[in-house]
Amino acid sequence: MIETAPAPLSGGPVRGRLPGALRLLAPFLIALGAGAVVLWATGRDAFAVYGQLADAALGGGTQIADTLAATTPILFTGIATALAFRAGAFNVGVEGSLYVGAFAAAWTGFSFPHLPGAPLLALAALLAALAGAAWALLPALARAWLDVSEVVTTLMLNYVAILLTSYLVNDHFLARGVANSMSPMIAPQARLPPLLPGSQLSAALLLGLLLLAGYWFLFSRSTLGFELRLVGLAPRLARASGVDLRRSLVIAMLASGLVGGWAGGFQVLGVIHRFVDGFSPGYGFTGIAVAILGRNHPLGILAGALFFGILTSGGGMVQLVSSIPIDLVNVVQGTLMVFAVADLGRLGWLRRWAGRA
Amino acid sequence: MPDALQAVLAAAAPASASILLAAMGGAVNRQGGIVNVGLEAKMLVGAFVAVICGAATSSSALGALAAAAAGALVGSAFSLVVTRLGANEIVAGLGLNLAAVGLFGYLLPVVFGVSATLSPPGLVGLPLLRIPLLDAVPFLGPVLSGHDPLTYVSWMVVPLTWLLLYRTTWGVSLRATGADEEAARAAGIRTLLLRDLSTAWAGALAGLAGAQLSLGLVQLFNKQMTGGRGFIALAAFYFGDARPGLTALAALVFGVFEAASFRLQGGELAPQLVQMLPYLAVVASLLVVGARRRRLRRRRELTPEPGR
Amino acid sequence: MSAPRIGLRGIVKRYGPIVANDRVDLDVAAGGIHAVVGENGAGKTTLMRIIAGLVEPDAGRYELDGRPVRLRGPADAIRRGIGMVHQRFQLVEELSALENLVLGATPGRLRFDRRAARTAARRLAEQLAAELDWEAPVAQLSVGQRQRLEIMRLLYRRADILIFDEPTSVLTPGEAELLFGIMRRLAADGRTILFITHKLPEVFAVAQHVTVMRRGRVVATSAVADTDPRQVGRQMVGEDLTPPDLRPSGRVGRPVLALREVSATGGRGEPRLRRVSFEVAEGEIVGVAGVEGNGQRELVEVVMGLRQPAGGEILLDGRPCGHRGVRERRDLGVAFISEDRDGEGASLDATIADNAVATAYRRPPLARAGLLSPGRVRRATEDLIRRFGVQGGRPGAPARVLSGGNLQRLVVGRELSRVPRLLVAAHPTRGVDLRGTVFIRQQLHRAREAGAAILLVSEEIVELLELCDRIVVLYRGRITADLPVARVTAERLGALMAGLAA
Amino acid sequence: GSSTGTPRASSGVAGATQTGAGAQPSFTPACKPPAGRTYRVALVIAQGGLGDQSYNDLAYAGFTRAKQDFPIQGQVIQSPDIVSQGRSILQQAGQQGFDLVIDLEFSTGDALKEVAPQYPNTHWMIVNLPSNAPDVTGYLFDEQDGSFLAGALAALVTRDTGIKGINPDHTIGVIGGTKSPGIDKFIVGYIQGAHQVDAATRVLVKYADGFGDPANGKQLAQALFDQGADIVYQVAGGTGTGIIQAAQQAGHFAIGVDTDQDSLAPGSVLTSMVKRTDFAVYDAIDRLVCGTLKGGESITLGLAQGGVGLSPMKFTRSLVPAADLSRVDRYRQDILSGRIKVWNVISQGYPSWYR
């Protein structure tokens, strides 16, 4: 079986007749509506809650900064996932790459305290990238040469990555005097400079945006990108046109893993400043949603990442002022995800109703 | 050693039952063209409903049935969003899982006044069945006998699924739908309806899987008790290419190696390394299968025509 | 006289700006063979899809036996006895022939009764005098077998109106004859048959009536007895097509492609090519004649680098290249028109622009140093569309909006946009209308005159005789003849292809 | 540098008599809350979240209790991404002028060190870390001491084949929710206690994959029983409920943790190692309201203060020979008097004999 990636992943059908920008926005609006239903169902004033959420996420300088901080890792994992999807590889292993990348960065950060900032950061970023890519290597080769579904291998290797880093931090690099498993702090000069003091927002965001630009450039301006796209869209045409499917597949998977490694690495260098066992709330999986929501389109990915960033940061912060429990935020976010990809335009009666209204 | 092996196998049987059930449902679903990432959520719902109804009726059987029904219900709803509203099944599935966890996290304290674990009074677990003759078989006795009914159901579901897919018109139509929806529709098959049915079926089995967790393995509900088993099931039917036999094999391989890892823990090796075992086992077996397939293919392709 | 079996009144179908069917009127009498001809994009398929309930007309009336009907999808059509064999078969490749036969046609019953299905299958096979391996997945059946399976499916569903969309475009001459036999038999049983083709001889061989379409309109419907090929041709094209002069100048240069004892095996390890040796030189078209399934596909794949040869040597300009991949060969100037248009030749999901540059995207002027210029890509595509007369879509549109023939023009244009060193062309005019066929053959001719070496795989004897300098005959994976075109006649070629001793 | 205060709650050293069951800290306000002032208190939940039926849930219980007794307006903050977001939450809590911020997440310790000084009007409390800044009060638990007693009791009981459900071999087990120093602090104490009784006691250690998977816990417990253990100490929150059920079905014993879990399966839970995180939270709020929360100090809740200790063994006391019970109580005295030093993984790192 060659075509492992489920059909919808190859771009997905163009929805409705909405113009580009609106087309990317529509799902989020629909989703918010659906979330409102849930809130009312649990006897809450949806508008009030959304208001508080928005305020907690965007209500001021620090809030916005923290939201952007929460957006950063998802932006990376979103790009990482989209890179693979575009080439028809359904890499669900970004989470794994993220963990090993994070560990590699942290290890560099606390192992070479004598290096000056710039080279130390560069080394950390390099090793994070290598670790992340290495984690995707086996699934890539297995898919390319043995036609082994990358879905299973990457999914399984996620668990392995989490356990492996847990082992490393517990048995070899444990910080003294704390109750949970975490590595020593990275050297101060290894921290990415903060963009806004007092917030978690670091230069990682800029790197993420830079990467996004690179992603756009790759797929709309480079022959390599064209090849990868062609492989994902029309493997047989690509093959007959002289594209080496194996090479493309491996390149895409490695690129995906590499960016995944950065997702973790920069989270460590920019925010956590050490490796913490099981630190990721599933950035990698959110990345899948982001890539699909954004239809692998750069702006779509950015919108998707912001969307989840707002929910994460808002969902956490809102509890400082209101008593809305995180579980309800999760319900809302889950519903949002479901309906963000639904196309209510397909409901005849709704279209007619909208037409009349 | 043999009785160590026996212990492992005996433990693996009920432990892998929930994965097996969910994976079989997922396989049928996948044959119909839907990759069901939402199994986790349906298992959780099943586990919950099983406990509630099981306690209310003080009958584990009714609890299990209710769980299946609930799973089917959630499955259908999920399916409608996918088939009728064209929602991407992956995102929708991930969303469903998130919503389910949140929902129970919200309900348990508010409605039941507990933080995570619910074990209502009068809750009776599934009985452990001793199969008269099987029991006596020397080595296999304890392995095959003395498990909860749903474990046996999970075994019976494998041939059942095979019959369903390959020996019923419904199965043929479903496989056609998954393989080439346009062609299937042209043949007059109501592909959307078929997909919905397959998702409902997957939901029902996932619901049973949940019940096996909350009434069979243990007798209580915990909001995290599915512990990623839905994703292992996903891996299983991807592993088996959605074919019943291979899918079941994957589920059992995982179960056996997990049970083994539980016993290997505490030795020289660090616990995390031992815990990797089942995941690595799945990957390794995939690679072996792939490598053999490739060797065969290449030998076939590259045997030169013998000169006359 | 009684009402016609099918009656169309003022049928209109638009696709955006394009009017695929423009106020079409058509009467089809019961119990006969009715041919529909017209150029690519004339609207034939669209019209047939409307009759088969796959497309809803925007306007117009549709009558069966004089009673107006409104079809609710193909299932409804089949219930009324209307079935269609599409250009792209509607079979599920993963399922077995038997499963495909009964697919969707056993309502209510849960158990899949293989025995009953098999008996029905056998009866149908006898009725059509066409046997096939019912347990094999459709993917393993030959094109002809698939087509016959499609027909049997319709009969299994008791269809009495059968629509064939360019059925012969994918068939070998032999199989085409087989099909005509079947069609005649069905018509004799009182079934009504609609039949699209681009080959006028076929019309006059089997049909009683012929309808000519042009730019979405019906320009004429006449009894075959009352007309002749020249007239129909004129009605199709709107003018007389003077057949172009394609005679080779005979200036043949150094050999470009040379095969030495090349062998290859098929997907299941069975031998497909047996020690094949021949050469193709500059300024020469070498035709590979043979009935489908005698090794042409493997030959093409081996030459292109899509398949590893099991033995022997392949030389390009004297350099061995058996080990080289597709890209390296293309970089050496090899171009490729695949017989598999919707897979290897083009992608229906990709945009027309993507398809247009799929092989040239790496070269200047489109790209420099790995950087691709979207502007140039668009312009190149528009240029291609203009030069090769592709109608029906803009660069940004998905290729699936193109009619079969126009898509083929796109592919040919892409591969010939610059003169190749070697062109491997497999069935380049399949499903292409008269004008397009002429056009494509002219392109091949020009390429040859410009010094290209061309390997032309075809089953169309006419095409081979018209274009080639030399013809090699492939039978059961072996070269059974290698002759200059002057020394072959149609009869002799037919005999060779059928494996009869020369 | 931080002085070490002592909680006034250790008042009722009532039941210090029988077994390890030590002082019961009293949940009674130390003062009459000043009228007309409400205090804003934030409780920041740690990794694992509410529903771990352990650390977080207990703290939350104390928090709700305090909300009843004191004029406070309390916010519970649970972040899906606490490790990364923790610092921001502390920062914004400070900005919004909370009177007291209770931080349960260990990994934010360093952040707290930097954030706290910026907001002098806010008090901060952190658990299981010594105070690391002027306004920060640290609450430390001697889980190792309580676990020592649990281990000692288990080692005594596992030799006593007279007790139903006890097998001849001297093997006991322990299951941790995850591998981490915070958990190993319990486990190492437990092992040390067992070996204090009899160096030959085999203590089998296993780890689950989290705090919410009872099925997983049950399978691990069964594996332990297969390997000869007859008493299993669960340090795994919600996963532990499965461990207790396993003990009940196998006719062996479990040892509960955090709260008194003896009643979950009467007769099958030998005892519970109670840890009063709830009291720590209650105490901090109490001090805030009564103006005795000084900050810059670390408060230890150990055996003496009833911060940790064994349950009264309501259902199992009768099963265990009095000699064993009194021996466990002697160990308790020795620990209190400092004659026995129990290893503390967090402050001392791992001992050579446990990896």
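As written, the chains take the letters A, B, C and D, and residue 1 is the first residue of each chain.
Rule of thumb we're sticking to: a contact is a pair of C-beta atoms (placed from the backbone, for glycine too) under 8 Å apart; a residue touches a chain by one contact, two chains touch by 3 or more.
Note that this is a predicted model, so its numbers are computed, not measured.
Touching chain A and chain D together: B.
Centre-to-centre separation between chain C and chain D, using Cα means, comes to 77 Å.
Note: centroid distance chain A to chain C, computed from Cα atoms, is 45 Å.
Chain B and chain D have Cα centroids lying 37 Å from one another. Each of the following residues of chain A touches two or more other chains: 166, 170-171, 325-326, 329-330. For chain D, residues touching at least two other chains, in rising order: 179. For chain B, residues touching at least two other chains, in rising order: 105, 270, 272, 275.
Shown are all chain pairs that touch, namely A-B, A-C, A-D, B-C, B-D. Across the interface of their complex, chain A is touched by residues 42, 47, 49, 75-85, 87-89, 91-93, 95-96, 106-107, 109-110, 118, 128-129, 178-182, 185, 346-347, 349, 355 of chain D. Residues 62-63, 66, 69-70, 73, 166, 170-171, 174, 176-182, 185, 198-200, 267, 271-274, 276-279, 281, 312-313, 315-317, 319-321, 323, 325-326, 329-330 of chain A are the ones that touch chain D when the two sit in their complex. Residue ranges on chain B touching chain D, taken from their complex, read 7, 11, 15, 18, 105, 108-109, 115-117, 119, 213, 217-220, 222-225, 227, 258-259, 262-263, 265-266, 270-272, 275.
Those residues of chain B that touch chain C in the complex are listed here as 166-173, 175-176, 179-180, 182-189, 299-305, 307. Every residue of chain A that touches chain B in the complex is listed here, in rising order: 1, 4, 6-9, 12-13, 15, 42, 138, 142, 145-149, 151-153, 155-157, 159-160, 163-164, 166-167, 170-171, 285, 288-289, 292-293, 325-344, 346-347.
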